[in-house]
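Got a structure for you, questions after.
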Amino acid sequence: MTGNKKITEKLVMIGMYVAAFITVAALFTVVGYVYVKGIGAISLDFLLDYPYRLEFGGIFPQIVGTIYLAAVCLLFAVPLGVASAIYLSEYAPDNMITGTVRFFVECLAGIPSIVIGLFGLIFLVHYLGLGISLLSGGLTLGFMILPWTIRASEEAIKAVPGSYREASLALGASKWQTIRNVVLKNAYPGIISGILLGCGKAIGDTAIVLFTAGSGLEWFLPMAITDPVGSLTVYTYILATQAHTEAGILRAFGASLVLLTMFFMVTVTALYLRNRYVRRMSGW
Amino acid sequence: MAVRKEYIEDLEELKEKVLRMGELAKVAADNAIKALLQRDMELASKILKENSVIDDLEFEIENRCTRLIALQQPMAVDLRTIGTCMKIITDLDRISDLAGDIAEIVLQIADEPHVKPLIDIPRMSELSQGMISDCLNAFSEREIRMIEDFSERDNVIDALFDQVRRELMTIMIENPRGIRNASHLLFVALHLERIGDHACNIASRIIYMVTGEKRKLE
Amino acid sequence: MSTIETRELNVYYGDEKVHALKNVEIKIEKNKVTALIGPSGCGKTTFLRSLNRLNELLGATTKGKVIIDGKDIYDGKEDVIQLRKRVGMVFQHPNPFPMSIYDNVAYGPRIHGVKKKELNGLVEESLRKAALWDEVKDRMQEIALKFSGGQQQRLCIARALAVNPEIILFDEPCSALDPVSTAKIEALLRELKHEYTIVIVTHNMQQAARVSDFTAFFLMGELIEFGETKELFERPRDKRTEDYITGRFG
Amino acid sequence: MGVLERVRIFKFWKMGESIKERLIEKLLFLLSLSSILIVFFIIVFMLKEGLPAFALGGEFFFGMTWHPATNQFGILILVLCTFIVGIGALVLATIIGIPTAVFLAEFSPEWLRNIIKPCVEMLVGIPSVVIGFFGLMVLVIFIRDTFGGWGESILAGWIILAIMTLPHVISISEDAIRAVPKAYKEASLALGATHLQTVTRVILPNARSGILASLILGMGNAVGETMAVLMVIGNPEIPFIPESVLEPVRVLTSTIVIEAAYMIWGSTHQHALIALGVVLFVIVALLNAITTVMIRKGMVK
Amino acid sequence: MAVRKEYIEDLEELKEKVLRMGELAKVAADNAIKALLQRDMELASKILKENSVIDDLEFEIENRCTRLIALQQPMAVDLRTIGTCMKIITDLDRISDLAGDIAEIVLQIADEPHVKPLIDIPRMSELSQGMISDCLNAFSEREIRMIEDFSERDNVIDALFDQVRRELMTIMIENPRGIRNASHLLFVALHLERIGDHACNIASRIIYMVTGEKRKLE
Amino acid sequence: MSTIETRELNVYYGDEKVHALKNVEIKIEKNKVTALIGPSGCGKTTFLRSLNRLNELLGATTKGKVIIDGKDIYDGKEDVIQLRKRVGMVFQHPNPFPMSIYDNVAYGPRIHGVKKKELNGLVEESLRKAALWDEVKDRMQEIALKFSGGQQQRLCIARALAVNPEIILFDEPCSALDPVSTAKIEALLRELKHEYTIVIVTHNMQQAARVSDFTAFFLMGELIEFGETKELFERPRDKRTEDYITGRFG
């Protein structure tokens, strides 16, 4: 190998190290900054109190509201999504129609959440008169993650080797028995991990919640499903853009910190499950 | 854990069959000379009748060998063993055929006494019997010590044959009435000499089987 | 322990574009091993899979009759679940489920509602029949994928045995295995034929000659010759069979 | 007689089975039908609601001014700015993301990969409001202090969006690179190629479609991203064509968020906003469709 | 397109070698009788010398057969062909040995005239030569028509042998001085009869090779 | 056209946890075919890959010497690129690049800076040597993956030949092929040995006996016996070799 070639190779290597470093640095900077800034805001009061105007009180209703929203969203999207995935990948005949259906599902998976939020605002909140509420917010979030759930479940189901299906059928198992005992049994970690990642999306979404669920500073817990509900993202957004006091900004950081922490818990669980699943499928 | 159990069992069975065939050929040759000595026509007919058993056995062994070779891809000592089996059964068959030839001679000359007391012919027979026995032992034990001296032993038989021939020739010249009997005895001696040769063939095959080296014993 | 007979069996793939089996007529005897040989793509696998209607999974169209124990399995009345219970199958690549050894074998019986207390005995018996018991009896709870290819394949056999089939189909069961494992599977096949009717696809003619009682030679979807293995390999009647088994093909 | 014998007598067949099978299939069918219907309904509904705005025709699609107060709904500049911000961010993400992906898939030592990979995966989903907040508090101020201007600018949008697009680009590219069979790599190395030659001549060409797909998908994400962009790009009242990267702009998403708060029900403004959403949707859907097709093609080949 | 080209070439070569060996054995047997008729000691010695060529050929053919069987997994007609080759070379070797035996006899009796004009012995030789020729043709052409009647032809040889024997016996009784020569001629006749037998063995092998059916010709 | 000699060759995997080769000493002659046989997992592939240092890819640690033409390739001074140029390799599964036939063969020469105008001749020559030219000469621009397994494998051989190696390593080159393709590759090996030193791993003992001049038998990482193929298969010196080649293993 000529010297020239060697030097080029060295340079390319250095370039790659730099790129990788930037990527990692981006994460650590953002997260680190939020944690460092936000840790000062964290106290029991902050976590358990109700907010009062822009710069007072805590974020208890927002934490609970975020959880409520995620719950409603999952309650709606998961059964529909998983069932659709099973039907599409195991039962639906492989023809033009299912092909088109899949294509649209894929498309919807990429729709910006803001557009879905707009739909929720106009259709659910106004046309159906559900108002700005937990129900509207949860459903709209559900719309957003529905295609995501379908896709993730389908992928997990497809990852189960066809040979398992054949083996089961050849043993005289019926189709549903095969799906339940072989396909789902092997796909469920993948499915759950997909759902959790969707859940993370729901927790982190701002625009939809802002349009359909509440204005962020709710100082009460929703008593009914038709009550408005607060959320950490909107709270952060409002404070970040409208509070101009130290205390307000600090609260925004505190809320971000809590939000990030919740998000990390969900994501780490999802990634853990997925890795275990991948390992298992690859034969260990 | 034993792999290819069936194959190894098949090989064992093959060897047993060969030994059985060897035993039968040996007994036939032995009986042929017994019948000659005692001019026992019944024994002679029995040998001829039993010849077909040996033929069938040869046929069966040959089929087994082909089957083993074609299907089991034997290698090294196994391949030599099977090759050896295929070859020595030809010799064994020839031995039993020669025994049959002797038996036929017995049937033709049993009605009159021999022109001379039979001494060297039994000696030849004894020697060749010993060689066959040793072959069979060597084969079953994979031990070639006792068959390495076959060249000398065959030489002894050849020498005896020459002696018998000269003797019978003299008798024929001296006693024309004994010519028929003598010429038959001459054939018997020739056949015994041939049995010795076949034993040598078998021995050199067995040496090859055990050591992997070709050595011609003659 | 059943006979299989096909009458004018024709199988097509993809809207009859590929005519994979052409008027195959064969009679497979019970408690015998029948080998299917032929060059790649001649329809061996297709034939095998038409015997337990697993072809349907691949979108094949079947015409003609496959008569198992006197009943045509394509007459529309046959229950495919029952059929597949009676006609077990072992595939080319070992495909145990990613569960424990025990669960793999127990899978079929459980599906078919065998009682829990009978399960242990059944699993043991099946593993014994598949000559695997001694190797795995202390490792029943380990995941099947950890075992060697040969062990996995025998596990698949045990799994098939556990639903108590009458016929077992093997599609090139040794092609992914080393010679030692192959020898074990072959020995197993010879054992199993006392209780089951066995049909095996193989690319290896020596293997066909070693393990089977009858052999069928396929060529381009047609059954060219069928008969006793010994006869077919020693004295093939058809020139094409002879050319194939003596390696003069093409 | 073994256990098997007894099992043979056991009656497996339960009458319920086949009915149950059919019920389950019907149920699954109904559920999947409803989710498909929801998807269709959302699309159709949005189209219908946006119709009055689309009816404006050229005025809507090619109008240069977006000023609801004066009933001017021209989206051209919004679309343009959206692409300016999106493409710039994508370029940044490409420059950093692709080498990172190659590094992760081919060169990184195992331990380092175990650190970088989870970071990238975490980065994917970090709530955009948090990143936007960070951008607002740090980046905007930094730009204002360093380069002057408002700080809330195209440049800030680029950087923030690049951070958000980066993980998508890296993950999908890395998967594509890893999906190249190891056999190719071994073959190339065995011919005496260096690792880098192997990567550039065999591995990258084979991962090409996957990598391109990751870029287009990244673009879709950038275009559709809302909160983070909203918080750092300034959003001038009346959108204009920017002349430098330090100027604030307004994009499709931010316009929707900001104006949805005060739109009047049933007004053209409302329809125009929905139409904006539809345009956004169509752009993103097109990009996604291209990606899907490319990934499919890559796999088939 | 020819598959397994090398294997098929090997098979062809094998067959050629066997034919060559057959030719050599046949020539040896033919020459042995020629030498006997013309009491040509030179020719007789030549036969004995060339015997080792045939032995070597047998050894080589056998090795080739083993190699082919072990490595190429022959089936059906190929397997029968190789098996046949292995077996008939034994018979061919025996034929050449018997020719050698006759040649040795020639060396012993060439110094004196024969006790009688040789008519039946050349007839026997001619017949057995014809049988060997037909075998070789049948082998190379895979055509068994000409060898199916070997039983009858062998019977003719056997009858001739009996006749020669009776004749020689009479001569010996009548003319004791001719006994030495006559007994040697007796052996020659016996050897010719054996050559006929070997030809029959070869023929039944070839029939098996071509048809796959065992038929015993004797 | 080179000799290979190993001295106290030890290879470990995964932080020396697996001792895959133990003190292997062997001398491979030039212009001969040397076959490596042994049961699964005995280290054949590991040995082969230690000859072109492809083991390093799998994280193997190598100790001892591998001397090719008098130079130890593990002495730290050897340029691994040059080494791999001299020591070509053909893998178990045909792995042509997903490019045209032409580009596949031209890949190596291009990497090593062969001039464009020399390329055509080189490609043709390599394909001829690999006995593939006649089959593909009118289809040079078609993508390689379209061809049959056997053709692909010969293409891989042509690709290896194109960089003009002295030694070629084959790791079970026929195990994924049908008998007909196998026969062609074997014929090719016999041709190639006139110009190259060949080392081949095979599970098939008949194949080893058919194509090789020398054979090495490995067992659990040790070289048990090495010698002329004819000798080794007819008269193995070691009991373990004999047990293995006669199928009495274990």
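First chain written, first letter: the chains are A, B, C, D, E and F, and each begins at residue 1.
In the analysis below, a residue touches a chain if its C-beta (ideal position, glycine included) is under 8 Å from a C-beta of that chain, and two chains touch if they have at least 3 such contacts.
If you're wondering where the values come from, they're calculated on a predicted model, not measured in any experiment.
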>> Give me the step distance from chain C to chain F, shortest route via touching chains only.
In response: 1
> For the sequence-identical pair chain B and chain E, what is the superposition rotation angle on Cα atoms, to the nearest 5 degrees?
Replying inline: 180
> Between chain C and chain E, what's the gap in Å when you average each chain's C-alpha atoms?
Replying inline: 52
> Taking each chain's centre as the mean position of its Cα atoms, how many Å separate chain B from chain E?
Replying inline: 21
>> How many angstrom lie between the centres of chain A and chain E, each centre taken as the mean Cα position?
In response: 93
> What residues in chain E touch two or more of the other chains?
Replying inline: 3-4, 7, 70, 72-75, 79
>> Among all residues of chain F, which ones touch two or more of the remaining chains?
In response: 81, 180, 183, 206, 209, 233, 247, 249-250
> Which chain D residues reach two or more other chains?
Replying inline: 17, 194
> In their shared complex, at which residues does chain F touch chain B?
Replying inline: 205-206, 209, 233-236, 242, 245-250
> What residues of chain B sit close enough to touch chain F in their complex?
Replying inline: 1-4, 7-8, 72-80, 211-212
>> Give the list of chain E residues in touch with chain F in this complex.
In response: 3-7, 70-73
>> Per the contact definition, I'd like the list of chain B residues that touch chain E in the complex.
In response: 55, 59, 62, 66, 69-70, 73-75, 79, 83, 86-87, 90, 165, 169, 172-174, 176-177, 179-180, 183, 186-187, 190, 214
> In the complex of these two chains, what residues of chain F are touching chain C?
Replying inline: 39-40, 178-180, 183, 203, 247, 249-250
